[in-house]
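Shared between the two complexes below is chain A, which has chain B as its partner in the first and chain C in the second.
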Partner chain A sequence: MTSTATLREAPPVAPVGAPGQAGATGAVRGPAPPPDDGVPRPYGTILAFLLPALTLYAAFTAYPFFRTLWNSFHKVLPRRSEFVGLENYATLAGDELFWRAVRNTLIWASTSPLFEVTIALLLALALYAKVPGARFFRVAWFTPVLMSYVVVGILFVWIYNYDWGPVNAALRWLGLGELARAWLGNPNTALPALIAVTTWMWTGFNMVVLLAALHSLPKEVIEAAELDNCGWGQKLVFVILPLVRPTLLNLVVLSFIGKMKIFDLVWITTKGGPLWSTETVSTYVYKRAFEWSTFDLGYPSTIATVWFVIVLAAVLTLTYAFRLREKLEY
Partner chain B sequence: MRRLIASLTAVATAAFMLAAAAPAAAQTEVTLWTHWAAEKIKRDFVEDAIRRFEEKNPGVKIKASWYEKTALYAALKTALRAGQAPDIFYAEPDQVEYMENGFLLDLSDLNWQNIEPWAKEAWSYKGKPYGFPLEASTVELYYNKKMVDELGVKIPDSLQLSPDAFLDLVRRAKAKGWTPMSLGVGDRPFPGAYLTHEALLKKLGTDDYDKLLKGKLPWSDPRVVDTLKWLRTLIDAGLLPTSFTSLKLGEAHTYFHTNPGAVMFLNGSWYTSRAFNPPDKGGQPKDFPLGVMKFPAVPGAACNDCRTLSVQGSYVANADTKRKKEVLAFFNSMASEEAGNRWLENVLVQTGIKSDVSKITGPNAEYFRLLAATNKDAKYYFGAPSQIMQGKAKEVFTQVINNAFPAGTIGVEDAVKQLQASY
Partner chain C sequence: MEVLRRSALLLALSLYTAFAAGPFVWAAMMSLRTTTEITRDHFALPIPAHFEKFPLAWFSSNYSVYFSNSAMIVLSAVLILTIVGAMAAHCFARYRFRLNRVLYFLIFSTIIFPPQITIIALFQILVQYGLYDTKAGLVAVYVAIQLPLTIYILETFFARIPSDLFDAARMDGYSEWAIFWRVSFPIALPAVATTVILNFILLWNEFLYAVVLITDEANRTLPLGIQRFMGDQLEDTGMIATGLMIAIVPVILVYAFFSEKLIQGMTAGAVK
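Up next, the complex of A and B:
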């Protein structure tokens, strides 16, 4: 609590180069001169340093973004494009498959972070408490994140196989054979089965980040809690969790954004099926751009634009909600 | 001196021009991007055709780049837009977007005498032909003769079981703990649809079936509903493997002929391109008792002899090619009965090039005799649904008819409703 409060009470850091304040550069060169001191600025050098980064940014981020936006109002065919106004947006509003993909993606993006971060926290606490074999478990639990979605996808197609997959084999061995099913072939279980895969894959990453956060907790705070006879549960709820809360929230947001863009795992395992039960917005955009026997890039651009707005709005909402909670807390 | 310099300059210029011209004449390079990187027998056929062509045309070299289909299609979409596409590339007749956008060279000047008329028709768009049809296939019902004998089922001389006899075969197989038919849609958008579209084609006949695929006949037509209900009876009787939705195409082959073994396997006639490989490369066991029968008769069918024949792997030419003459010469070099027979004998699947099955000899002659028997008196519908349907209808067909309906996860009414709404 103390450290957080201290940080919050610290005076705001002035921007680098602001009059009267020494920023990182100012500390070395002295106070920055006022802008109208008549000293010539090395604009050529500044530009030379900025240009490579700006060029890359313009070519690979800004231009594609504005081009996608432009495309969304056009029918974009090879050698010609035709302005269609809001027609693509109107079509998208009534596109049942798109909304199904949106629903699936939102379900995935809203449930997966909760599973990942909760399990990761428990695992990180276990390692923090130095359970026997902690060093081995740290490596073992982190390993899945090192694999590519392609490898993981192929692996889980086998694991979920109806006839000889380990999941059904285990169920049969436990006498629960009636629960065995084609996990990726059933519209009711395909999406949860894939959510389980991403949870398995990303929990290790979250765990490592949380473990680092736990290790960086101020020892004096923990010791003070122990002097006050706090048990493990109390230390966790009243000391550790509030201190790692910013890390937890960042992990939730990162996981949320990752799932909003998920493509590879779905493409390898189900291609959006069965019956669009695992269709995500990314797979739908790809299908519309490359698999629907058309060269038109206008409609897929419309989907990408709308989805960008939805993701941006969701992230801003999450950030705003978390800030609100912090304000309420203090 | 001046004259000497002028002479030397002239000689040097001539030598330079000759030197420049000679390699150019010998180095006319035609680029080809093609699927079949992993299908050795088809690749061998094409490489052999290139070698023969280059021998007869010493000034021309065909530079082939081999891809897998998905990667090829993605590369082509970008290359065509950027004007960087090769002179010749692999395509299939359902890719109408190439023709709609003027990317393909009109092949009217080709020697079409040795190409099957239906194959030319499959590649015709607004009255002009655009593709050289190498590969064609029918949907065949393969079976394990030994297992069928053990079930006490006799395949009639017509090679077509009645609806009741087929249902009986399915029930007998299930009673013995065998899977009646191997089929899987784990990695392909079409195997499950074989079942439905072959049944619908027989029930409706070619004209009405064509209308159905093109959205001119409603999916709620009573004949369509009856056929789906009949298929549902077969599915409910346990026709397909329990792992149908996750079973991949390659696995479905192995499931049929090796492990665990199924009584039947409904597949394109390109079954041979995998199954006739050595067993250690995924082929069927040596001396496997392979039989081929017709798809069963459908109750109340308009045309039980109707079946699908579709053109698949083909070559097309880039409309912007600067080597049109060489491209046409290469296609013409493959447009002969001799090349057609060579395709049949080596690739073991039908072709759009005219060929003579009676001239096939060797160990696979018996297989072609079987194939000819099942295709006797056949009335063909040219093109698979995936080649006829486009956009949303194709997507819904893939998800519903290829997957969910045969898997039993969607009922007849729902399937009809979804397909009807997709047009």
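Up next, the complex of A and C:
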């Protein structure tokens, strides 16, 4: 941390900016503002407060980001790199494994939010209706999200085990033994099985957020609805849902983004198999960069860049679509 | 009728609780049983309880190393994050200057970045700087990835502190630094605690960056250690369960003492 003395001085002249933070240096120019305008603008102090964060941001977020973009137009070998133009992008367009991974990830990211948020809403409404032991339920349901994906992954490898996993054990106990299968070993069931895992993990989290939103609803509105003789169903559809809608949409976007990034769970449980049925973009990038001994970091950077654009576009579209619907309805 | 509906509801909720907490309880039970016992019946109660398995897992594998690595890395990262993040958040919330919103937005927008967009280059950069496969390198990266969320949570809080307080402090002759350290920061302690707990949990569980940036056995964090442990003891279900529980214990402890704070932290980003 910088010493207090340098901060108190706060020189009005532009101090030397950190390398790599375009713009920040531009902001420190200019005379010190009059002290009486109520809006303090001591640029030296501002810079001193921001410098550590901006340096870290520049060195470990902004620089790597641009370097990845640069990589994507090059063949990057351990000792040298050569410019290849759009070659990586052309290869990517025809890379079936990549598109397979994109499809898997998009299936995951578009189905999970629906499961998570819907179940979470039902649970939150149940607790909102003043069930005894609500506090206990809330704390218990939240636990799965505290465990790391590594722990959860190992747990669910056991849970889906063919011979003694609880899922198959339950099926056999119910006399549905013919439905028992190696859930993670079968290309048809592996992805749904993993989607179930993330749903298990994140529903409690969504529930807690929704419950908080429900509790912050204005009491008068709900009471007014009750005076108007609204039943539970009507109250839910016409009063509560529209009011918690922003939170719901927020959660959908949040869950979507989370699943677009998913790596750990897949890596621990299936490593993308069997037959690429659970390959996600994250695992594929990792494999291309660090597992397959191709030593080229350029191509995986291209995947990362294209994926970045896809994620960004998807998130912006979602946000925009939700905003638009909001406008249309009110 | 009402009673019937109530109990049906309670039953459904209890079923969901079993579903949500079951895997954890199951693992906890297995962590106290030997693999031979587990093979006989996977779902029996841990009677007699083999508590000696915990020291065994701790000493027979490298768990003490993984654990202290994780503790060291995560705690340093959280400490740096708190100070650096609070300084930046205070600055964004307190001072008006050109580029304020631009810089804030630039930092904040990285929340939605998929990690792949930086991770390959981070690997190259750390190799270049001699930080690859070091604890310091991982700490720096951890600080960088959690910085946006930390600043976001703190900025929201700092912005709500009435500015009269600062004017009064200034009249008392406080320097800008003293205002931050002795006025803003203490008032914001609830929000600071939230970010500390949130960052602790998220980084304690972090796997992707660790697996890319750490290879040496001596630098492995717990999630990497568990993965390794599982590879080594593939058939020894009982021992792996013990290993899992050791990794979960710190999180459970934090949860036991700060469950409300923790829930607040985890959900802070989601509610506007």
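Methods note: the second predicted complex is superposed on the first by the 288 of 330 C-alpha atoms of A that agree within 3 Å, B and C clash if a C-alpha of one lies under 4 Å from a C-alpha of the other, contacts with A are read in each partner's own complex, and residues count from 1 in each chain.
One rule holds in what follows: a contact is a pair of C-beta atoms (placed from the backbone, for glycine too) under 8 Å apart; a residue touches a chain by one contact, two chains touch by 3 or more.
Remember, it's a predicted structure, so these values are computed and weren't measured experimentally.
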Touched partner set for A:Y162, first chain B, second chain C, both or neither: first
First, second, both or neither for A:G185, with chain B first and chain C second: first
A:F115 touches, of chain B and chain C: first, second, both or neither? neither
Residues of chain A touched, compared between chain B and chain C (which is higher): C
Chain B versus chain C as contact partner of A:F290, first or second or both or neither: both
Touching partner for A:F98 - first (chain B), second (chain C), both, neither: neither
On chain A, the residue positions that both chain B and chain C contact, one per complex: 290
Footprint of chain C on chain A - complex, ascending: 1, 4, 7-8, 10, 23-24, 26-27, 38-43, 45-46, 48-50, 52-54, 56-57, 59-65, 67-68, 71, 76, 123, 126, 129, 131-132, 137-152, 154-156, 158-159, 164, 166, 169, 200, 203-205, 208-209, 212-213, 246-247, 250-251, 254, 257, 260-261, 263-264, 267-268, 281-282, 285-286, 289-290, 297, 300-301, 303-305, 307-308, 311-312, 315
Complex interface listing, chain B residues touching chain A: 73-74, 77, 80-81, 94-97, 100-103, 186, 189, 241-246, 390-392, 394-395, 399-400, 403-404, 407, 409-410
Residues of chain A touching chain B in the complex: 77-79, 97, 157, 160-163, 182, 184-187, 271-276, 287, 290, 292-295
For the chain C and chain A complex, residues of the former touching the latter: 6, 9-10, 12-13, 16-17, 19-24, 26-27, 42-43, 83-85, 87-88, 90-91, 94-99, 102-103, 106-107, 110, 112-125, 140-141, 143-145, 147, 151, 167, 175-178, 180, 201, 204-208, 211-212, 223, 226-227, 230, 237, 240, 244, 247-248, 251-252, 255, 259, 262-263, 266-267, 269-272
